[in-house]
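These notes concern the structure reproduced below.
Letters A, B, C, D, E and F mark the chains in the order given here, with residues in each chain numbered from 1 onward.
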Amino acid sequence: MTNTLMNQLGVVKRNIVRADRAAVDQLGDYGSATVHEAMGRMGLMKPYMRPIHPARVSGTAVTVLLHPGDNWMMHVVAEQIQPGDIVVAALTAECSDGYFGDLLATSFMARGARALVIDAGVRDVRELGAMNFPVWSKAISAKGTIKATLGSVNVPVVCAGAFVAPGDAIVADDDGVVVVPAADVVRVAQAAAKREALEADKRAKLASGVLGLDMYDMRGALEKAGLVYID
Amino acid sequence: MTNTLMNQLGVVKRNIVRADRAAVDQLGDYGSATVHEAMGRMGLMKPYMRPIHPARVSGTAVTVLLHPGDNWMMHVVAEQIQPGDIVVAALTAECSDGYFGDLLATSFMARGARALVIDAGVRDVRELGAMNFPVWSKAISAKGTIKATLGSVNVPVVCAGAFVAPGDAIVADDDGVVVVPAADVVRVAQAAAKREALEADKRAKLASGVLGLDMYDMRGALEKAGLVYID
Amino acid sequence: MTNTLMNQLGVVKRNIVRADRAAVDQLGDYGSATVHEAMGRMGLMKPYMRPIHPARVSGTAVTVLLHPGDNWMMHVVAEQIQPGDIVVAALTAECSDGYFGDLLATSFMARGARALVIDAGVRDVRELGAMNFPVWSKAISAKGTIKATLGSVNVPVVCAGAFVAPGDAIVADDDGVVVVPAADVVRVAQAAAKREALEADKRAKLASGVLGLDMYDMRGALEKAGLVYID
Amino acid sequence: MTNTLMNQLGVVKRNIVRADRAAVDQLGDYGSATVHEAMGRMGLMKPYMRPIHPARVSGTAVTVLLHPGDNWMMHVVAEQIQPGDIVVAALTAECSDGYFGDLLATSFMARGARALVIDAGVRDVRELGAMNFPVWSKAISAKGTIKATLGSVNVPVVCAGAFVAPGDAIVADDDGVVVVPAADVVRVAQAAAKREALEADKRAKLASGVLGLDMYDMRGALEKAGLVYID
Amino acid sequence: MTNTLMNQLGVVKRNIVRADRAAVDQLGDYGSATVHEAMGRMGLMKPYMRPIHPARVSGTAVTVLLHPGDNWMMHVVAEQIQPGDIVVAALTAECSDGYFGDLLATSFMARGARALVIDAGVRDVRELGAMNFPVWSKAISAKGTIKATLGSVNVPVVCAGAFVAPGDAIVADDDGVVVVPAADVVRVAQAAAKREALEADKRAKLASGVLGLDMYDMRGALEKAGLVYID
Amino acid sequence: MTNTLMNQLGVVKRNIVRADRAAVDQLGDYGSATVHEAMGRMGLMKPYMRPIHPARVSGTAVTVLLHPGDNWMMHVVAEQIQPGDIVVAALTAECSDGYFGDLLATSFMARGARALVIDAGVRDVRELGAMNFPVWSKAISAKGTIKATLGSVNVPVVCAGAFVAPGDAIVADDDGVVVVPAADVVRVAQAAAKREALEADKRAKLASGVLGLDMYDMRGALEKAGLVYID
């Protein structure tokens, strides 16, 4: 695994291998917290990434690398969107400008995009809510951008602290955004399914008053670790 | 343009020239993102200014300069409010205290204020929502303030990084807060109207699947800049 | 007042003296802003503590001290919850991980907990909203935690900048989280009631157009402080 | 005082009225804290503005308005520098990129600039230290910028929360950066001189063990405010 | 341990029990990292507390509770300083103003204070360096404060996230600020001495090329935890 | 380029391909700003990464992935260090704890490490300065860590927003930290050399008073972009 392509500007990769669609869709049912656990607690973007409106979605990543204050490549990435994709927009330096609004959302939706995940700002958030287009972003800002400098499309990127390769699965909801490598989606979906299956039973037990201390059999380990009860 | 008055404490200016009411009201229809573009991408407050409840409003600024932890001047500014005004509250140093709650909101509403924009904290946010009084603030905090030190009313201020002269137009919505100089409101409203008129057509084209790349005729410029497509 | 117990790890105190229940419940009716004023403007947690869903609640604190990335003690504290309690979770170092989700919430609710206040992250926020379990937290994060290191339960803690002793009253709503020492709840409830009683009259006056300047008789003091009106 | 010029892009104002040189130089002797007090506690930039190396300097402002990620106008402002000036660089949106390094510093020094104050990042900080060119900035970053978009030179700006008109006096040292309106420099220098004159005597008294409580005669006021001593 | 006194304003406690002087002085030799470990990894202030100049010091806490923008009580606490004390200044709400400069430092030094630890800003940092008076603070700011509102002296406080009772030991150096309860200083000093004694031997082994993996005998535990080596 | 290995825990890769030593050493002579430009303005870590003491260094990355509050893997990575390496430590979630102090530094130096780059905190900074071991970190904190959970060594990581593969070149100085992919070091060193060669001549011209406007021949482009000079 080398990182040369990652650092190339002015490149649009047209053909990418997308993660297995069925598994990607399945991941969306479990949500980011369960998927993150099933991944071995890896792949989460920084918690400053928040939905502009409550939503849960999964899809395959098409990536775009942007410069501060410049959204030119958002139009370039639009052409690479296929139905079921989520656009993942990374920045070469921190910026809170509004790179995306209702016009670009109209275009992205027409191409079949399921959502946008962007490590910068967006605007027209009221309209985006009315259009029901999900967005996770670092900021909300009315400030627009220019179109002057080349970035890249469908190169590997770092978005909000997480590495994303084109075609990777993205799972996003009110708890955050998780990236699952394309090669791992089936395995992770199975692991998530297994976790989920166990939860209904645990929930019923806890609701009936059984303590986690007993259900998970923790008392011995706690005592061994030195826990002392006093009155 | 000198900045002497700006730095004066203990002054209340009673007579200010308010921006053209019709143009100010018109700006509210376009929202902060469109107005900010029409301004040439100037005049936006920092994106940390957030509405405590979703809202869109425009009005003319009456300004107040406050000290950290002291809201005495909020009572002084109340008297200077005229119907259609928005109170813009700036701070001499950073503070997250709750300078404003339901009692002051009752008073501001009785005077005809349309909203509050404050570079500090507010409280009673549930009640403010029930009263339908819009507020943009830096923080929410239950902490109250004292009444001990003089600030000023209707002097030019810097609020959340934006310069605001008394009488300027304020446009605020879910995307942020924009300041339009009083002398520019008619021109900016016209420019915003022109932008808005073009958007419906663009939106229809994009919704039909036309790409921004083609609609804005970007392919040539991108190629000239060196963009390369690979498979 | 010494702080030795505060710094002890691996201890669970079973018997704590809870603040007077009636007074604690009464405090919830007034909300955090009024209670904070009645306390003499003390006891507020930092304003970064935000509700994951709008809510207002009061209760008695059971405390838990956690390590970064480790939620083992959340299961230990569950056993110490009595109906009417609010769990107050403090951290030994800053962490935004998701320490708490729908399973722990099920357990806490089965024990009679009214809410969680945590100086870290939580997850499953959509589910927590559906369950109607109130949470105030510093962050939302899908990232889970391990169970490896002992903290303590029902020791005095510092949570989001506020000192909390087990049994203290907690008042939390959309404006923030206030801590009232157990010994003071009756006195503070009375002071809050007095404040509240005066507010209805003030609100009516302000709504009728009377200015705070006159209602609070501030004009003389402002003039004496040097306030100047200019035209 | 209107703010139209403030919001104009693509303008270079060549002739500005600089503050009285003798008074500006005198202000530098007192430092930012004393000058800030003499101003009535106004005009301070946000405390995130830090010197990259310890320094104390005063001068007259030539201003430049920059876009995020674009330092083109730094070359334009260089031509407008006169000996004794300090370049004050403001941004249209937050950016931490390195807008300024040893080459621009060489040019600024050749023009007679005394310092740079920039609400963004700089680089080559080791070289800038060796050149003895003082800089106050928000960030240090190796990241360079492009040259694509027009800003303005010698328009009024908001820099790090402070309003700066071209020609205003800037006083900067290890405590921060203060802006003194050109029209006020003589008056402020006199007030600062008066404060300074009193300090030597106060310092001697305090060093001898006299308490501020007695020297400033505070005991009566404290008692009246209700201060209670307990054992 | 109740927290009533903690929340009282307008009180100065004259007689406090200071931690054992010899043990406090000894703690200073070990530094904050070693003492923090010896405490069981408790008692550290938030890492945003930084020395304005490199220093290492220990002493006994006299505490002062301040309001945002108001340093009146700094003069009150000066009178309560005894040789060997460190003033610990806490705030009722966040503030970055400069509460302390060279005049107050002169007074504190005349009273025998060893340092100031303040959860807010200070100024005159160049002069404080020349005077060799150590300060740990959250900010540096030229902005002065008023003298209008009562706080308290020698009540328990929360400073930068740590609980401090009057008389507790403070250990501060380039790594941060640690609080040791007065009742624990002898025990903690012994534990720190023991840690320190072991370090010289460890350092020699590591310097000779022995790995921590072997010196601490970690290989078995790592393998048992599942660590896999690949080529 | 897939990212599976990236997300694997509990793995130590022993054999990695290090970037060309001569080119890596050459990069250190140019510093982070020049190398970052030569890279096409890519590969910079976030500017919050600061040196604990001024330094300039280059080397080859050995990577380690750590959990919040747990430095166990720092001992595992020590064994993988070869002379000329720089340890790059990434975190699975944000943490400011002090993962590294003088003992680990002794061990790293004995193995031939040139520096540590860590997206978390370190301690013993005074001792590290005396040892002359360079460190770039996000924080300084006396707080220690536990040894309980497996991370990985020599897997690709995201450190402070930058992707780092084992063996990549790291260039770090007072301006920040840049990552150069191993495959690109020779090409980047050549590009950096070319930049450097041109700088001496430019510096001389600028020092003689020639403006960048003329040296870079910008006046035409500025005029074409619409720049207007007014008096």
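Just so we're on the same page, a contact is a pair of C-beta atoms (placed from the backbone, for glycine too) under 8 Å apart; a residue touches a chain by one contact, two chains touch by 3 or more.
Note that the structure is a prediction, hence the values are computed from the model and not measured.
Matching residue numbers shows that A-C is the pair in C-F, A-C or A-F whose interface repeats A-B, with more than half of the contact pairs in common.
Subunit C and subunit E, compared by their mean Cα positions, are separated by 27 Å. Note: centroid distance subunit A to subunit D, computed from Cα atoms, is 42 Å. Chain centres here are Cα averages; for subunit D and subunit E they lie 32 Å apart. Residues of subunit F found to touch two or more other chains are 41, 44, 92-94, 96, 141, 143, 149.
Contact between chains, as defined at the top, is found for A-B, A-C, A-D, A-F, B-C, B-D, B-E, C-E, C-F, D-E, D-F, E-F. Of all residues in subunit B, those touching subunit C in their complex are 10-15, 72, 74-76, 78-79, 96, 98, 101-104, 106-107, 109-111, 121, 123-126, 139-144, 147, 149-150.
For subunit B in complex with subunit A, the residues that touch the partner chain are 31-33, 35-37, 41, 44, 47, 50, 54, 56, 173-176, 178, 199, 202-203, 206-209, 211-213, 216, 218, 222, 225-231. Taken together, the subunit E residues at the contact with subunit B in this complex read 67-70, 92-97, 141, 143, 146, 148-149.
On subunit A, the positions that touch subunit F within their shared complex are 1-9, 39-44, 46, 92-94, 156, 158, 161-165, 168, 181-184.
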